[in-house]
């Protein structure tokens, strides 16, 4: 199995609901350094898992839809605790949707798996990974 | 699959028995920077893999049981080469025992897997990973 | 010149005023991974620049006074853009005040310099450094 | 499952053929920081996945066969785009061949899996991983 | 003294002349991860050392003038060994020239110092630093 | 001012005397990842601060004199707390002695400064720096 990964980041404000979150129930924020890993069983005819320029662009665009926001005010996130785990899945789904619509070129339909990791500090991270079937 | 990871460290002295270890047969030591990864198929009702505060506390307590020790003098480690691989498994088992006794809250019984990685320098690391069944 | 450094982090929400900040004028947030460097011309009788445990505690306490906050709501920061540069200086001053009151032990009065660096992502950081005269 | 990893690097020149590569079609180069991960179900009698000294030596020797080269001039790579993905597989295969010939000691035949990751910058990497059957 | 730093990278091919370079006399290449540090005695009225967006843009443009090139073929570098040290200075001078022409806004004339660091692997780096006088 | 830096590591056991050290008074150990920085006002005729191969070799040899040891048993360190600060200075002095005897070539007498940093974990480090006058 081959994997290619690219890194970018975004910066948001949010708060959590639930006693388990302690002081993080207050409005605070985070920088998330994001690693997008794309997996494929065999390389394409160019010797690539994916066009890394298009993968970086897709990641940048998905993160631009979250960057410099207060996630508590985003209608589509209402009712959710925007935990690092939750955001990993959200970004996973948004990247998958872009692959499905051909933004990473039709060949990207040959991707077999994806992992999205959000590093929130030097001591904590979360990720979501799954197989891809197009 | 979701993963959450937390990082901490401990510092020990030890020596190894066996020619394969060369100069490491002498008493020396190491800093191990430890990454604890906890995996879960679905998030809980708070949007979490696990209470990250409790996971960090469990890791800190397990490492406190090793930190600032000469492992050659620890009765429960007698007869073992305390290699990075061996210590990864030891910490895995001790964290798993704490999950089993409910220290990370009963919900942590829903965890599906765990990986413990010990980074021993900028060029070497070892880890142990396995599924979890409670 | 000797230097000792310790690392910790904090997570806040804030917004900026001024066109130069572009989208960062909206409420967003950041994780700051903080490096505190303390400098001294000669080591003390224990062979130390400073008691690293006390230095880490002082840093943790200063960061706790900012952590999980919306800096836009902090009365003592009113009228300031809480840029990474500004926060580096703020933390510098708060640590210096703790050294002055003896929290790092009287011997810490022998410190000659300090630098506070805030890493805000994998591609950006800011710091403030100065000599110390007690 | 246990994993041991070691890190080294090599520096090469190369160019790519195909419009997808844009400006990278020109002769340029890269530093690849390489992580070799070796996996094993159970530890050997010394408490090891593998003799880490021999693993480091095997990695260094394989990388020496590529280091300080213009890959466009290497006959055995002719007709291939030497992408990061491709090079990950190439190094995987060369390490596997060395395990097979006993260079990491006969016990290394007990290895169950391997992953080779090439970090090409602070924002991009590629890897190849597979099971090992000797 | 305040410092702001931003990071980017570029990838080139080159060779060196002189026995001291050993195998690096052959055509090879490197990824350089570049840290640009800009220093200023006092913050401007926005609470900034410099507009970090403009600093990042200036760095990206300077690196674009080197990226994906064989430095042996660049007329303006003829007769020079393009060592990591040499390239640090070259980038320093090109950034300084952009500050002088006002590309980072006239306020950037208040900068007091700059450092350019090129990280060429996980174990080696070089930098050039100097005061700035506009 | 130009700087070149190289990285290596060593692993030792030791204990400290003095209440300030708390649990570190017990025999324990550490991995130190060492950064050696060498500074020079102007580059030599090859475009170098120093022959990086010789600098790496000198660092490796100095660290070999400490690696895999119990520092409590080293006669030349008797009566000293081998703190991270102390060891930074020790390594500084040993590298300086090697420069003085011409091991990094006579041209290395043109070096103007040196810094030795010992990273002991992901959250703590110490260094010693000074000018060089040969």
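Here the chain labels run A, B, C, D, E and F in written order, and each chain numbers its own residues starting at 1.
We adopt the following convention: a residue touches a chain if its C-beta (ideal position, glycine included) is under 8 Å from a C-beta of that chain, and two chains touch if they have at least 3 such contacts.
These figures come from a predicted structure and were not determined experimentally.
Asker: Please pick, from B-F, A-B or A-C, the pair whose interface repeats that of A-D, with more than half of the contact pairs identical by residue number.
Answerer: A-B
Asker: Considering only mean CA positions as chain centres, point out the chain farthest from subunit D.
Answerer: For subunit D, the chain whose C-alpha mean is farthest off is C.
Asker: Centre to centre, by mean C-alpha position, how many angstrom separate subunit B and subunit E?
Answerer: 41
Asker: Nearest whole angstrom, what separates the Cα centre of subunit E from the Cα centre of subunit F?
Answerer: From the centre of subunit E to the centre of subunit F is 27 Å.
Asker: Rounded to the nearest whole Å, what is the centre-to-centre distance of subunit D and subunit E, using the mean of the C-alpha atoms as each centre?
Answerer: Spacing between the chain centres: roughly 30 Å.
Asker: Any chance you could list the residues of subunit C touching two or more other chains?
Answerer: 7, 122-123
Asker: Of all residues in subunit E, which touch subunit D in the complex?
Answerer: 7, 9, 11-14, 23-24, 26-33, 67-70, 120-123
Asker: Spell out the residues on subunit B that touch subunit D in their complex, using ranges where they run on.
Answerer: 16, 18, 20-22, 80-86, 88-89, 117, 122-130
Asker: Can you name the residues of subunit D that touch subunit B in the complex?
Answerer: Answer in residue numbers: 1-8, 43, 46-49, 51-53, 56.
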